[in-house]
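There are structures below to look over.
Next come two complexes built around subunit A: one with subunit B, the other with subunit C.
Presenting the complex of A and B:
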């Protein structure tokens, strides 16, 4: 070995070069990651994907898209008192709905009431549901207990909404119901003049919505909280973060997709609610769902269809607004 | 590593640092949240509990308080038999209607669960890769979630009328209900795939398994809980559904329809509460059974040795007493 004359280091090898190399490696790595996430790894991948996607989308095309297309078509047809509709094109159904465009219009009044109920339900489910999810995911150490408690919270969900609504409307919320009886015992209410007027009222509907749907918020948040990297929390604590800053900077961002999914669930489900509202309010409270249903039962198909199309439009706007808080497809 | 690693060659101050017995500080947040959780459960269960109490009323009982005695099982019997006798008085029950509706609900929900599980799985498989138009496709699936139930019922009715087909429980209501279940199942499966390590599949393939075998023996066993979750969503949503089914079906073919029928006929009696309590108990029992089976299976499957330390008999790691002994001895 001619170690006596140590060769000069290659002249190009300076820092910039190394950085460039590293950059290249990094880019290569990212490209590989990107490939793993998305682009086809093998030839013919497109056909495989198509084969996987075909049954589901055929089914959805038949049972979702086609009916929706027919509703949109229907909303432009002319109402007819004897057979429901005739296939003459018109925009009258829509102009009836937007004139007047105010709360004097029964449609918008019901829409506004639905929106109020829905917005309050989303907010309340988030506020009251988050601590439940947090407790289950963060404070219950053993997985078995976590699952057991979660199932315990989930169990009422398996009883029909309608049954639970009946149980809500009569024994719990009636003037002789448990809630008012409790308030009477406390001395703040009476059977003749209940403190909270909760039988067949909007308040009762509102409370029932929260009770019926809160698990749609708890479940996604629970699943995401359970996945939060505990080391990140420890690291945040070690770096001097207090509980609140750790929560805000570490836990919440990782939980955001769950909050968004839960909010979408509850917003959409309560906006379109009809059966439960009717059972709980016995017809005293009308929401936009009840409004449309009344039109349909009265064979006003085109008007009902137009009302429904506008509702879906508003739902899509709302969901779009909610999804601004998180990139769902990547974050789930 | 061996146990001799604990024995220091010479006395050094850092070796005598003994890990103290961890004194559990009372976690107030935990107990506060636990109390809150109990209140939350009471809130969730309040209607169910009241329902259960009122189902044990005497035959004169109504759907609300006050409780009218004497307490008995009359209303529980009345969901199974057609007539209940009280001395001279005969009360005709809705047992027939409830039984047929219950059976109808059960079979349709099972079918819907199976379809949802299958389609949610295949759709989620497609979404494991990017493909042209996947954004739009994703929003179509979300659209299935966002469409209000009665709207879909209405649309389906119009669509089938245009095809000159009759709507029915098995032809249309089943399909309409699965449409609601698919996005739920799909989101569950997507969440699972996003955490699934693709290297596991690669490893199986490197070890010589073909695609089918990899799928059947590696992938599927790892994600079947998600598929089961999708099934549960499909089953539950259909089991509870009223809005989607109401427009498409003539007669009270499912339990929710039957119940609403009873409400509209002002024929509400405590037998509804007995029924509601019974379905709750049955579903709880099913889930608990499932969990027990799952626990037992996973216990049998678990490898006897969990870690290298355990294998080497160093189970507890460095605990205070052992270290103390070593230091002193």
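Presenting the complex of A and C:
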């Protein structure tokens, strides 16, 4: 772009008056807004608000807060082989979990496996989910088509998760299942020695998790992409951005909250997974969820509670790490 | 619509189909856009714009003005025709390779970036270093008087401030032509009026080509060096504001610009170049046409007279003469410095604008009959 010769004196907008006028208009708006709010307060808005919030508070109190408190209490009680627990205070449950603090400890070994599966699931859902969300939000122009495609993507979720997991375990992942048969037909695998060992393995659990949770990534990213101002994208192109730099500088930063929300969903949900793991691997793969479930089934309630509390702390740390990561805003 | 209307009325418009362009300035040559589905948005538009010229594309929504602007900016691809800037065709260049930049409707600022980073964006895309682009962005912000707000996000700015950030953001890239899509549409009226003056002054100081799209007649007349009136995908008339306001070329322009009395009648007499036109209600107007040209006796024609050129005659109604009419007052509208009289002459709606100090004399006289007169020189023969 050639530069036009700079005229003398330097051009400028003389806007002192405009500023004043605008300020007046803004103050007027503020005043009107203030009056409106005042009127709401006079009508006793506080009680009404509280009444609307009450059912939610009660629900959360009974079904979220109370059980959490109970689990924390339980984790400090003493195990008892006949009745499960006695109400004697102890920290033994926790010290059993952190001694030894290494992968020789079954708890941490399962925790590490859960983390691996979870991290790969988050990354894979992002890699495969983002293009899907981008396609739906940017390339499908009609709302009807967007809705239709979303329903199509949701179709597998119309069946129960047990049915789906069973379908994954045998017809899809078995040595004579769809996946290996496809690879055999491609000539890269055989029925006796499958290329991908997907029957009752960690790999099969991993693949199932990605499929089960990818919509948790697609949906929030889709909604954020849909809100990105199309004119801002055009403006970026107009100001010299090619497709990639426009995506990196304008689209992605505005979509990051969706990526973070999706990552948190998938991280939290997959870290605690045990049902899918057990059905798909037929007990061959253990995760921290399976570990806790085994303790509960074995009436080791205080130990199970301590394992769960520690897991919650690790989840909080993970969520914190994910949100920190998103704050790494690229500076110009 | 007669062919060649646009060409005959536009000063310096490109000839119908020039083969090669080597001159300076922007040329739109046979520019046509047909959208998938067959809707013709822009139909064979020819226009030449000089550097330093302020051109306003004016027309009702859907007339093709925005599509024309988007084709110049590279945001739409023309179906046919060429866009040539200083002898170089732009048609095959993507937006980021064109020496044009656009101020988009609703400003289209980047919500996640500060004011300074918004302005520096174009320079960043050019690969200019951080220090350098911050310095240049600050200069541009000073130019629009916003340097103090450099660390704010766009959401924390007023409409007028956002508008100026959008301006600074495009000016910093030193474009050869600035394209403005309804740039004042989102502002309060008071601010709009002031921004017209400021925007025009800025353009004069920069000496840049500005192409401005609007549907607001007053805005177009007050800002443009040249107004290009578009309707139904075509240029109706391209001329200086005074000509557009006083000498509309076609019936469509006369109607769109408003406040024109349009008389549809037949030529009843032709004496040399002087025509006498009479409508169904026996309203008569005379008009002089160019040597030898124009319609013949018996032809169907449209003529127009500006409301502001119509005067109230003293005295009562008398015999019907040429360039006058006896009208019933339908409504007296006070506009501050003018009074607009809504009249009816034998079913024909007429308008007259008279000085505002006549309001006291005219108020409440709806239903009365008045005589209006106009000068032959204010009658304009329209291409229909």
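Going forward, the second predicted complex is superposed on the first by the 275 of 332 C-alpha atoms of A that agree within 3 Å, B and C clash if a C-alpha of one lies under 4 Å from a C-alpha of the other, contacts with A are read in each partner's own complex, and residues count from 1 in each chain.
Just so we're on the same page, contacts are C-beta pairs under 8 Å (C-beta built on N, C-alpha and C of every residue); 3 or more make two chains touch, one makes a residue touch a chain.
The structure presented is a predicted model; accordingly, all values stated were derived computationally and were not measured.
Visitor: Could you say whether A:67 touches subunit B, subunit C, both of them, or neither, answering first, second, both or neither?
Guide: First partner only.
Visitor: Check whether A:254 is in contact with subunit B, with subunit C, with both or with neither, and answer first, second, both or neither.
Guide: Second partner only, subunit C.
Visitor: Per the contact definition in the header, classify A:316: touching subunit B only (first), subunit C only (second), both, or neither.
Guide: First partner only.
Visitor: Under the stated touch criterion, which partner chain does A:174 make contact with: subunit B (first), subunit C (second), both, or neither?
Guide: first
Visitor: Of the partners subunit B and subunit C, which touch A:203 in the superposed model: first, second, both, neither?
Guide: Neither subunit B nor subunit C is touched by A:203.
Visitor: May I ask you to decide whether A:49 touches subunit B, subunit C, both, or neither, giving the answer as first, second, both or neither?
Guide: In the superposition, A:49 touches subunit B alone.
Visitor: Under the stated touch criterion, which partner chain does A:245 make contact with: subunit B (first), subunit C (second), both, or neither?
Guide: The answer is second: A:245 touches subunit C but not subunit B.
Visitor: Who contacts more of subunit A, subunit B or subunit C?
Guide: Residues of subunit A touched, subunit B against subunit C: more for B.
Visitor: For A:236 in the superposed arrangement: first (subunit B), second (subunit C), both or neither?
Guide: Once the two structures are laid over each other on A, A:236 reaches subunit C alone.
Visitor: By the touch definition above, which subunit A residues appear in both interfaces, subunit B in one complex and subunit C in the other?
Guide: Residues common to the subunit A contacts of subunit C and of subunit B are 329, 332, listed in rising order.
Visitor: Where on subunit A is subunit B touching in the complex?
Guide: On the subunit A side, the touching residues are 36-41, 45-46, 49-50, 52-53, 55-57, 59-60, 62-68, 70-71, 74, 128, 131-132, 134-136, 139, 144, 147-149, 151-153, 155-164, 166-168, 170-172, 174, 176-178, 181, 211, 214-215, 223, 227, 261, 264-265, 268, 271-272, 274-275, 279, 289, 292-293, 296, 301, 304-305, 308, 311-312, 315-316, 319, 329, 332.
Visitor: Report the residues of subunit B in contact with subunit A in the complex, numbered from low to high.
Guide: 27, 29-30, 33-34, 36-37, 40-41, 43-48, 50-51, 53-54, 63-66, 115, 118-120, 122-123, 125-126, 129-131, 137-138, 140-152, 154-156, 158-159, 162, 175-176, 178-179, 182, 187, 190-191, 194-195, 198, 236, 239-240, 242-243, 246-247, 255-256, 259-260, 263, 268, 272-273, 275-276, 279-280, 283-284, 287-288, 291, 295
Visitor: Would you mind writing out the residues of subunit A in touch with subunit C in their complex?
Guide: Residues 1-5, 7, 10-19, 21-22, 25-26, 229, 231-232, 234-242, 245, 249-250, 253-254, 329, 332 of subunit A touch subunit C in their complex.
Visitor: Taking the complex as given, what residues does subunit C use to touch subunit A?
Guide: 73-75, 94-96, 99-102, 104-106, 108-113, 116-117, 120-122, 124-126, 130, 133, 142-145, 158-161, 164, 167, 169-170, 173-176, 188, 190-191, 194-195, 198-199, 201-202, 205-208
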